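Below: one structure, written as structure tokens.
In this document, chain identifiers A, B, C and D correspond to the written order of the chains, with residue numbering beginning at 1 in each.
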Amino acid sequence: MTTVAARPATMAQALTRALRDAMAADPAVHVLGEDVGTLGGVFRVTDGLAKEFGEDRCTDTPLAEAGILGTAVGMAMYGLRPVVEMQFDAFAYPAFEQLVSHVARMRNRTRGTMPLPLTVRIPYGGGIGGVEHHSDSSEAYYLATPGLHVVTPATVADAYGLLRAAVASDDPVVFLEPKRLYWSQDAWNPEEPAPVEPIGRAVVRRSGRSATLITYGPSLPVCLEAAEAARAEGWDLEVVDLRSLVPFDDETVCASVRRTGRAVVVHESGSFGGPGGEIAARVTERCFHHLEAPVLRVAGFDIPYPPPMLERHHLPGVDRVLDAVARLQWEAES
Amino acid sequence: MTTVAARPATMAQALTRALRDAMAADPAVHVLGEDVGTLGGVFRVTDGLAKEFGEDRCTDTPLAEAGILGTAVGMAMYGLRPVVEMQFDAFAYPAFEQLVSHVARMRNRTRGTMPLPLTVRIPYGGGIGGVEHHSDSSEAYYLATPGLHVVTPATVADAYGLLRAAVASDDPVVFLEPKRLYWSQDAWNPEEPAPVEPIGRAVVRRSGRSATLITYGPSLPVCLEAAEAARAEGWDLEVVDLRSLVPFDDETVCASVRRTGRAVVVHESGSFGGPGGEIAARVTERCFHHLEAPVLRVAGFDIPYPPPMLERHHLPGVDRVLDAVARLQWEAES
Amino acid sequence: MTVTEQRGAYRPAPPPAWQPRTDPAPLLPDAEPYRVLGTDAADRADPVLLRTLHTWLVAGRRYNAQATALTKQGRLAVYPSSTGQEACEIAAALVLQDRDWLFPSYRDTLAVIARGVDPVQALTLLRGDWHTGYDPYEHRVAPLSTPLATQLPHAVGLAHAARLKGDDVVALAMVGDGGTSEGDFHEALNFAAVQRAPVVFLVQNNGFAISVPLEKQTAAPSLAHKAVGYGMPGRLVDGNDAVAVHEVLSDAVRHAREGGGPVLVEAITYRLDAHTNADDATRYRGDAEVATWRGHDPVDLLERELTRRGLLDEDTVRAASEDAEALAAGLRARMHQDPRPDPMDLFAHVYAEPTPQLREQRERLRAELEAEAELDDEAEPDAAAGAVSEGGAR
Amino acid sequence: MTVTEQRGAYRPAPPPAWQPRTDPAPLLPDAEPYRVLGTDAADRADPVLLRTLHTWLVAGRRYNAQATALTKQGRLAVYPSSTGQEACEIAAALVLQDRDWLFPSYRDTLAVIARGVDPVQALTLLRGDWHTGYDPYEHRVAPLSTPLATQLPHAVGLAHAARLKGDDVVALAMVGDGGTSEGDFHEALNFAAVQRAPVVFLVQNNGFAISVPLEKQTAAPSLAHKAVGYGMPGRLVDGNDAVAVHEVLSDAVRHAREGGGPVLVEAITYRLDAHTNADDATRYRGDAEVATWRGHDPVDLLERELTRRGLLDEDTVRAASEDAEALAAGLRARMHQDPRPDPMDLFAHVYAEPTPQLREQRERLRAELEAEAELDDEAEPDAAAGAVSEGGAR
């Protein structure tokens, strides 16, 4: 990890840089997980950290996710700031009890005397041809768990900024990394990384007047592409990138929807019981009289994640987004 | 378990009877879990089963929930119909990986050749003065998991009927038992138990014209009480008991909302990312132009479940339901 | 490693990876639980230690009785008694230094109290006014853990972190026989051994997990035999022999402190009361079994030894009993005061800063409480004062 | 149990609950992995077995090479090779009766094939046209398990169920050294021992879990030493010695079949290839180590023995090689055909009956596919025919 000048960087590189800078800035930051040391992680996000900071700071653990997270809880109790890597989304499930019953609750259980400043990094979502159990969108589980922050970057700069913010947070953060954006590139100067913004603010990635696409993580590029394509149909779409699912930025989202009067939530996670229901419901509660049409959802199907050769049929693409936009009762307009 | 004549019965008794009848009807039905044998379960739902059917049919297992559910998966693979008891909601979390990665997916993974007819009984929710980790409303996790059926009874008769249906189902069913209704009573004749209806139908528990309360499980009595109280305010509330969260009965729910034009979803689970968001969103999608007001939600706070002495402040009660009803923009009416 | 006899032209190399990584023999427990009381070794027991243990055991027994009584008076939501297990509870607390950490399971309030935590705070969870009643950092006691075995990896992580920081800290983690079946037990012991974390795992094998007897929990020769599978020593001790438990745990703590890595200790004991006040133990065990164990009561065992050694004069007995009564009386008196947990606290500690969503919900509750208070004020002035404090606004 | 000397008036009863539940000694593994090839015992090995193993090992080696080549040609999404582990893979399949069950881990397609499953079906998961490619009931092979160790409790439940039904069925479950660290490993072994379920647990200790070497995975003397902690026998075997693995597994299967309960077998082996085609093994291990293990290659070991015994004439070599080439050629040919999984199948097996919600979603996909097909038809007639079948409507 030597310094590089401004040039295209991948999200994976920005994440590595964020971990490196966090470890350099604070000796309490420790990285642990399966294959994070010598190998640098199966996605190479922890590449070079063991070499630079030693194996005590970036540690290959035994293969046991509850043990990893439980150990991290104990480390946080003693004042460290552990960053746990779960190798894939579905392999975070063995640690579910530790996450829900301890990580999310320790501060509350102890009246604030025992906060747990720890970050759980989880590569999530599909689109990379992974075999079963390697492509789950598991965010619904985390956002239904009070006590956790849940964030997910969609750009290279946010990957850096949000991960720094997560590690700096005094509360546990589930940090969801969209697998299929690991290799997405952006001009980014690692020497001038984006300022670390506090967690909890959405951002308007594209302004528009016709309708709002509300999205996050892996679906942001899809929405931006859809917004471009929609111009041909005469729709000027606004795109909001949530960045943080918990806390939720009602202000930014509702301001946009009040302006446009129409909204579609887009995510890869399944529809039923997924984040889209929550988002649609809360937007509707707050913006009911501004809405020309119900808030629609474009999401993965309510099925187990498909095998690689069929995943393109599952993932919400530009066409489905445009199709939903078309169903936003435009006739009311004319 | 000897036969009794028509008289008040508790929900716990109806559940016991359902298990007994299912075991008598089908030798493939096996009950397993912690303390389900000799003790009859901490809520006594399996009382007498080990005695009547032997310890091989109703088995005390070692204390390990993933092991229990994983073993049940293997038993189901070999043609048995296991019924697993998780002792409390939060103690189902250690089995989360088995549930999500195997139970919910085995049929799909194997193109239908290896279905898993198993039932996971989970006592859930609060209101009984339980200490931490004993009162979670964990339904949000299950309904976001394709491949599972999720049902929950609110009446004594349904406890019997739905549990029989769950055990008879060729798909895995998460059967959520509202703890605080275990001792609720109803006139019920165990000799003429309700016919076993297929899973997936909601039922209108009370007809009304002003607005619809959509609820399930532990919150049904609250809604019925609220509906009574609402008469004083001049509101005639309809109450829909979902009974099954997956599959969801859009037909019954939307028919009611289209009739009344207003709806409130009531549940004890947290609001953010809870079932209410899904329900509100799908009702809004389907009934937008019938709605006089946004669908509102009355739910538990988005906090870890409180200690016994504070739980009354957390649980949605009659007042909060009435308050939400009052916010349904009645001025539009006049 | 022996080498197979050379024969013929070809001889496979031994699998290169294979070397026994540790000598298993010293890791295996003795065939019988270690005992001191009633053996020759008892003569060597330090009289000061004997007396300290005795005072604590008597107090612990009284505490268990008092806490159970408080459930009948509706002053505790539930109480899982450690009557019969006092030797383990007390020894676990006494072998630790101030800087060490205790990781108790839900049954271990007595150990928590013996470590110095105020009994009322230790019982907060079971009284129901909050979850953890004490600041874990004050006496270095982790929250009582209700989800079984989940506290064990925490102990490992904490001990590991302390070692990384160069601090001389040992963690002692308590778990029941039932808890050893959980995956978290396995993962914690494995992590501890791999990292040579200074942790002592104390399994109180009290014969039951609620109603499930040990033989349905495990087929192992002993729970201590699990240790060799992680590469740590396993020790077996008579858990009703306070001196033996104290000695074995002290040795284990020393071993861990000196960098020898973790130790697994199985203490054979018995829960004389039901699982909790809500449990009916007659459903799963007979009086005869309980009677046998009453004949091996930890308090009796110790008193007989003190008597034999002439260390139990009337004054000592009276002093111990008075201490115990004072503890019970203080507890009774304080537990009969109504706690007034502040409902606004529900929102105070979910996050360092409440989310906008929680702020909204908090204000809704505040409004409700104010409306309630007004109604109460109308009914009986002053009664509801203080129900709404500013505590929740933090 | 020895009894402490009587001394003085008081003698505590031994803790009544305590009796060693099993004699631990016979459960402990030998100090060295069991080996046959190159030892005196090799002389007694059945020539028919030797030849069968040889044919399979040669085929297995060729299969691994072919499957790896298929990843380079984009015909497999990923392939975790078992090159170097063929002795374990083959023996695991061959020791079972038809009615028995195999529970493979994700790396064990070779064992699955040796059990009789069509290689193309065994590779479906890794090719990516569906998850499990075979009907588990046809050859009594559970789906390849990707979440590590989660298949172990399934094996226990199945074996237990078979025993309850009075069927003479043994389950053999495979897991890696890394997988032994998971809680599910622990829970499965414990359940099996408590229920005396006829299960053989085969741990292929190939030295690594992806990049993590064994010494970071466990501090145990051996993984086989874990067995005593559950009360089952632990056996250690040279996993590259096909005859030894076959013998140890056969014994274990017999033990389980005869009601003796489960057995844990640790086979010491080595993964000669990288973790998968996507892995770069040079990041975590040196050439020298790999070279040492190449000197202990399972195919070579067996061939040397066959040669020594004069069982490896030119015809045998040619026949084995031809069989292997035929397997590879068949696989290659069939894998070069494009599979055409039906998108409508996404909805066919989520439930026995699709929910109303899934029916809606299915119809939406059907409409999309029909629109797509129309577009394709316009572009190039006939090309997209069959893309939408009625399969999904089931």
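Convention: a contact is a pair of C-beta atoms (placed from the backbone, for glycine too) under 8 Å apart; a residue touches a chain by one contact, two chains touch by 3 or more.
Predicted, not measured: the structure shown is a model, and the values here were computed from it.
A count of contacting C-beta pairs for A-C and for A-D identifies A-C as the more extensively joined pair. The most distant chain from subunit A, with centres taken as the mean of CA atoms, is C. Mean C-alpha positions place subunit C and subunit D at a centre distance of 40 Å.
Here the spacing of subunit A and subunit B, counted between their Cα centres, is 31 Å.
Separation between the centroids of subunit A and subunit D, computed from CA atoms only, is 35 Å. Along subunit B, residues 61-62, 64, 66-67, 90, 93-94, 97, 101, 105, 108-109, 132-133, 146-147, 246, 248, 272, 302-304 each make contact with two or more other chains.
Among the residues of subunit C, those touching two or more other chains are numbered 130-131, 147, 181-184, 186-187, 190, 194, 216-218, 345, 350, 355, 357. Listed in rising order, the residues of subunit C touching subunit B in the complex are 77-78, 125-131, 146-148, 178-179, 181-184, 209-212, 216-218, 283-284, 339, 341, 343, 345-347, 350, 355, 357-358, 361, 365, 368-369.
Against subunit C, the residues of subunit B that register as touching in their complex are 34-35, 37-40, 42, 60-67, 90-91, 93-94, 129-134, 271-272, 301-304, 306-310, 313-314, 319-320. By the touch criterion given at the top, residues 1-2, 4-5, 7-18, 20-24, 27-28, 31-33, 35, 37-40, 181-187, 190, 193-194, 196, 205, 207, 214-222, 225-232, 238-241, 261, 268-270, 289, 292-293, 295-296, 301, 304-305, 308 of subunit D touch subunit C in their complex. Residues of subunit D touching subunit B in their complex: 130-132, 135-137, 142-143, 147, 150, 152-162, 164-165, 171, 183-184, 186-188, 190-191, 194, 345, 348-352, 355-357. On subunit B, the positions that touch subunit D within their shared complex are 30, 56, 61-62, 64, 66-67, 69-80, 82, 94, 97-98, 101-102, 105-115, 146-147, 149, 169-171, 200, 246-248, 250-251.
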